[in-house]
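Order as written gives the chain letters A, B, C and D; numbering starts at 1 within each chain.
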Amino acid sequence: MEYVIEMLNIRKEFPGIVANDNITIQLKQGEIHALLGENGAGKSTLMNVLFGLYQPEQGEIRVKGKKVNITNPNIANDLGIGMVHQHFMLVEPFTVTQNIVLGSEPTKKTGVINVEKARKDIQEISDRYGLKVDPDAKISDISVGMQQRVEILKTLYRGAEVLIFDEPTAVLTPQEINELMEIMRSLIKEGKSIILITHKLKEIMEVCDRCTVIRKGKGIGTVNVAETNTNELASLMVGREVHFKTEKKQAEPKETVLTIENLVVKDARKVDLVKGLNLELRAGEIVGIAGVDGNGQSELIEAITGLRSAVSGKIKLNNKNITNKSPRKVTESGVGHIPQDRHRFGLVLDYSIGENIVLQTYYKKPYSKAKVLNYKAIYDQAQKIIKEYDVRTPSVYTKARALSGGNQQKAIIGREVDRSPDLLIAAQPTRGLDVGAIEFIHKKLIEERDKGKAILLISFELDEIMNVSDRIAVMFDGKIVADVKPEETSEQELGLLMAGSQVKEGDPNAIQ
Amino acid sequence: MIEILQSVIPTALFYSAPLILTALGGVFSERSGVVNIGLEGLMVMGAFLGIVFNLTFSDVLGAWTPWISILVAMVVSAIFSIIHAVASVSFHASQVVSGVAINMLALGIGVYLTKQWYGKGQTDMVDQPFYTTNIPLLSDIPVLGSIFFQGIYITSYLAIILAFVAWFVLYKTPFGLRLRAVGEHPMAADTNGINVSRMRYIAVILSGALGGLGGSVFALTIASNFSHSTIVGQGFMALAAVIFGKWHPLGAMGAALFFGFAQSLSVIGSSIPLLQDVPQVFLLIAPYVLTILALAGFIGRADAPRANGEPYIKGSR
Amino acid sequence: ACGGGSSEGDTAGSDDNNDNADNAASDEDYSIAMVTDQGGVDDKSFNQSAWEGIQAWGEENDLSKGNGFDYAQSASQADFMPNITRLVRDEYNLIFGTGFLLKEDIQKAAEQFPDTYFAIVDDIVEAPNALSVTFKEHEGSFLAGVAAANKTKTNKLGFVGGIDSPLITKFEAGFIAGAKSVNPDIEIDVQYAETFDDAAKGKLIASNMYSNGVDVIYHASGGTGNGVFNQAKDIKQNDADREIWVIGVDADQHEEGKIGDHNVTLTSMVKRVDVAVQDVAKMLQAGEFPGGEHLEFGIEEDGISIADTNTDAFTEDIKNAVNEWQEKILNGDVETPQTREELESFLEAL
Amino acid sequence: MPSNRLFTLLVPVVSVVMGLIAGAIIMHISGFNPIDGYSALWTGAFGDAYTIGETIRRSAPYILTGLSIAFAFRTGLFNIGAEGQVLVGWLAAVWVGLTIDAPMYIHLPLAILAAAVAGGLWAFVPGILKAKLGVHEVIVTIMMNYIALFTTNEIIRKVLTSGQTTTDTIAGSASLASEWMQSITFYSRVHYGILIALFAAAIMWFIIQRTTIGYELKSVGFNQHASRYAGMNVSKNIILSMVIAGMFAGLAGAMEGLGTYGNMSVTAGFSNLGFDGIAVALLGANTAIGVVFAAFLFGALKEGAGEMPTGAGIPTELVDIIIALIIFFVASSYIIRWVIVRFKKEGK
């Protein structure tokens, strides 16, 4: 038949769980095929099976109709299967070129890596598919978008005909997502076939031809994208109806909670990234910060929360100066923080869920007294949070590491919200989560607003910003360049603002 | 000044050579992601083998004895180091634990066999150690010749050359790129079709070979015999050199040379007028204090290979 | 403790495993055992020498190891006391502790077990059932200094000590006194390695000394001395005409100095622990164990001697000079210094 | 899957058994009788009251250096410097024992405290360098070992004595020695230090498992970023961790200085208490209770080893080989687990 890849009745078990239970997916030559499912449904597992990282307990894989046995990634490569993993597989201290050629390096007669040839080959491929990269840059120095292009180049360099993208857009900015869509289209044009995993139904509608849905490890079926809509897809995957637009009342802003005046912050490389920023946030409102990644958002949050020192300017919380106070002081004066990088900052992965729930409060009563921990109080609290926030975990004693990303995120949100801080900073709170989880988190944020808390939402998803915020502050080049109401603006306008247009005249940083 | 250099540099070189060699082994192993505290044990093995082989075969092999001795020490230590590889790569053992065991095992075996074979706790002195030489031509260069090329052990040059070879292998060849990738991000390497376990085995075995070489060079240039106290701490100094040199072969070489230089200076200190009145204890601790100062002052933070010390278990995060 | 390096001609090792030779010892036999320090019975130094003494005594009396005499080896300081106690409980009549490191433990044991005799080698303990055996290393070292002073062409000598301690200071003081007695203008470079088993350090020091014009080095530094020999031999290998020498310590270190047809060992300051041990054993047998006393073995008691194995280097002239000074020591004309203070006054009096 | 608790018990036991079997094989190959060898080992360690006393005495400092290394490990640090910390602790204890005149209830605690403080201070250096400058603690602790060795020797010679190699014996009021314990163990040197060691193990367990201090220390060990985010002072915790580890090691010095020897001698090399402590910590899986058991195992094997040359003509090094093999087997518990799981499955 015309299928390039067929995975038939695949079953894959992990200790105590069936990740893939009799799943079938068939990929046609030249199509973009979406793979959709909730967090933990088994998508990555299925693709890892195809790529030879896992061996299935059952089932059959066919490539161009021929039965194959893919026992390691080398075989997948030889069969023309390439994978862009959910968590990038890049060696950070290496250059782009080194990462791309790693494992199949061109050499000179002397046995030395032929860097010139590698660079030339890469250039050729990147020109052909419009994948712009800097071949000599170190991975640790380039943007996430470029890292992704490196991942794609890696597969193409190895001559992949079938590309698997595991949640490629979760970490990208809208601009980068558009670029990626273009890239995928040009890949199809060159005769490649693609499997795309994503939680963003809009993307599926936009580029995919067909979509296979799985739920809790089981295959639900495959639909033609042209014959369906996002609502149907969502309910197929979750098993119930999902609301995309979260219901909310009109905001009733009260007294000012956060005031930022002329804030200047440097990044790790000692470059000013926040350049005299002003912002005000009131109780009972959600302010969304829209902006392209790298315009100082992370530095802004870190400065507010005391993780990074401000060079100048003032940050006031409830009229008390908290500029350059320690993270502990800031937290105690009423700031909650859902960090952007949940693995790095949000959790101690080797601690149990219970221990993570008191990460901010362990030193307080009732969790400890005279420096002695009270485990009963700690685990009682954890029990309460996992119930209230629907954190799916075998028990409160389970290590945080073993939870899926969505559940980890819910635990963090539960922890931060439960402390009932006056100001809640939510940075990318729904990154990588499925629509059901996103809905839940948005509801929680709005609930807090309604309780009279101030919420600062940072997100690269314009959808999310538009849906949840009461007010949108556009951040560009280290400053807030516009303050608009979601009802009074459009994604197009926001996009322009984020790109720096309509900035005051005479500003040297205006659009190049 | 030149006189001081003339006496410091050749001595620093012979002192450093075993450390350089062993540290290079450490660099290979740790670059691949396998922590190697077992360097001390690998040196013990090398010293033991080098001496025993030398004693046994010097009659037959004549002037070639020391060279063949270090070769044998290298090969057998490489085989010995497979224990560390099996434990830490295949059995996912804690690499620190396995390294500690290597240290105890090597010393135990070395002394046990010495007692079994020679009936006493230490061997005789070897008849065929290495001797210093002047390098033809180069030693005639004015000033430099006398500092760098007179009265030098060939093995010292071997160590320095091997450091450059190691640098070349690690930074210029596909093998090196793969090895470093395995130590930074084994899963990435795995998805690129690189056999992580195999790379790590090779790296650990290389560290065994180089550690064995270091130990046997120490034995045949400095100690002349083997006993429980032949190698006492040199392996740990080599480990320090690995970290001091930021896991880079040339850095490790530099660090080992620094140790040699500092030791040599501390000995020579008492005959330098300026330092004559300094109490001896200060000269004794000077090399170690200098190292700490150097680290604190301008070497600073060194980042280990990202995956160093972590067993790679396929399919886990 | 200052052991020499190792050399061939081991006599200790062969009888490790045959402790059941059945030489029925007579009922009233005395039994003797020793506890080594970390060096062990094959250290080519005083442990070995003491063990050889005990063996010789045992053979004379038709005893065998484990049956009339034995030793207990200590791997570390922590082993001393258990070893001593075990031997006490095995009912040995006399227990030697070899090396000053065992001083405290022998002292304690002597107090705890008044029915057993003890003897310490190289240090002094005080108990009615314990004997202290020391050597007049300063006398031997003095003669070594005389030999060195007669041999040197550069008038520069070197002394390499193990750990700076009263015992090793005896070697240092004696050596300097001897050399300066021959020629007050001789310079002596004194260095301590602060360890007895770092050959690398020994080699560094020797290398530095030889390149500064020193041509005779006297070492009292155990395994550190291996490095001294190593360096001397290396120089000799490269330049057979170069006149450089090492003076060995404790045992005759002639073997250690062999390099091709040459030998860099000028002589050795030999400490006859075996002689002392046998003497003490005989006193015990005679029922005259000198408990509570302090016996010093010097030249006169045959406890100290100067090796003359290297006849090429240790020429008749040197031998004569050494004998001449030995006479002076024996008849009391020369009082050899044992400490740095005594050395100072000795030198002032020159 | 069988419960984890069962494994934590089974793995070391199986490892010890396998180590002993391997030792027997080596003995057999070398022409010794393994039964003689092991009965000598047993006699040497537990043969009578005396050897039991000595085994306990020997275990006490192992417990403490084991705790030192385990504590640092638990908080993400590798303390190779226990060796040096033992030496300075030993020196400080003896120093106080010699120079202060006070009744026992003041003198003894003061001497013990001095040892802990000295060890702590010695570990403070690598701690602060790690915390403030990111200097790798492994190198600094290795260097600090040598510095400790040479300086303690010098202080013994120049300050505590006039050029002697051994200090006087400490005052009785600072001694841990126990005539009563000695008398029931045929004058072994067992002393009250074992109680201190066991108490220290309890303290470690308490700090790590029960207090906010332990919570912070472990958190910093696992994830510095998250700890900072949670308001913990990362530098302070790194330093604190090293200092506490150093204090345990310093106490091990007090065991020797106030208990076993009652003095301190100039030494030519390391005591190996610190290096063996690494093995003890790892055998004990870095837990307080594990360390106690591992230290006793270690102490018994090392003590019993002394009997092997006399009792069976076997070199003591065989015991080192056996210990090394046991450590290997523990380290490779993955494979042991795998075998046990297999076994269970087959059994079903």
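In this section, a contact is a pair of C-beta atoms (placed from the backbone, for glycine too) under 8 Å apart; a residue touches a chain by one contact, two chains touch by 3 or more.
For each chain, UniProt lists the protein as follows: A = Simple sugar transport system ATP-binding protein; B, D = Simple sugar transport system permease protein.
Small disclaimer: the values here were computed from a predicted structure and weren't measured.
> Please state which pair of chains has more C-beta contact pairs than any other pair.
Highest contact count belongs to chains B-D.
> Measuring between mean CA coordinates, which chain is farthest from chain A?
With centres defined by C-alpha atoms, farthest from chain A sits C.
> For chain B versus chain C, what separation do you get between their C-alpha means, in angstrom?
Taking the average C-alpha coordinate of chain B and of chain C, the gap between them is 34 Å.
> Distance between chain A and chain C based on Cα centroids, please, to the nearest Å.
Here chain A and chain C have centroids separated by 76 Å.
> Where the CA atoms of chain A average out and where those of chain B average out, how many Å apart are those spots?
The separation of the two C-alpha centroids amounts to 45 Å.
> Please list all residues of chain C that touch 2 or more other chains.
16, 164, 194, 197
> Please output the residue numbers of chain D that touch at least 2 other chains, ranges allowed.
Only 150, 153, 269 qualify.
> For chain B, jot down the residues that touch at least 2 other chains.
Where chain B meets two or more other chains at a single residue, that happens at 229, 232, 284.
> Please list, in label order, each pair of chains that touches.
Touch list across chains, by label: A-B, A-D, B-C, B-D, C-D.
> Considering only the defined contacts, which chain C positions touch chain D in the complex?
1, 16-17, 19, 66, 70, 72-73, 75-79, 81-83, 85-86, 89, 100-101, 103-104, 112-113, 162-167, 169, 194-197
> Using the touch definition from the top, list the residues of chain D that touch chain C in their complex.
50-51, 54, 58, 150, 153, 157, 163-166, 169, 186-189, 260-263, 265-269, 271-272, 303, 305-307, 309-310, 313, 316
> Under the stated contact criterion, what part of chain A meets chain D in this complex?
Listed in rising order, the residues of chain A that touch chain D are 15, 305, 307, 326-329, 331-332, 337, 339, 344-351, 355, 359-360, 362-363, 368, 371-373.
> Would you mind writing out the residues of chain B in touch with chain D in their complex?
It comes out as residues 83, 86-88, 90-94, 96-98, 100-105, 107-109, 111-112, 115-116, 229, 232-233, 236-237, 239-240, 243-244, 279, 281, 284-285, 287-289, 291-292, 295-296, 299-302, 304.
> Residue numbers of chain C touching chain B in their complex, please.
5-8, 10, 12-14, 16, 40-44, 164, 189, 191-192, 194, 197-201, 203-205, 207-208, 211-212, 223, 226-227, 229-230, 233-234, 237-238, 255-256, 258
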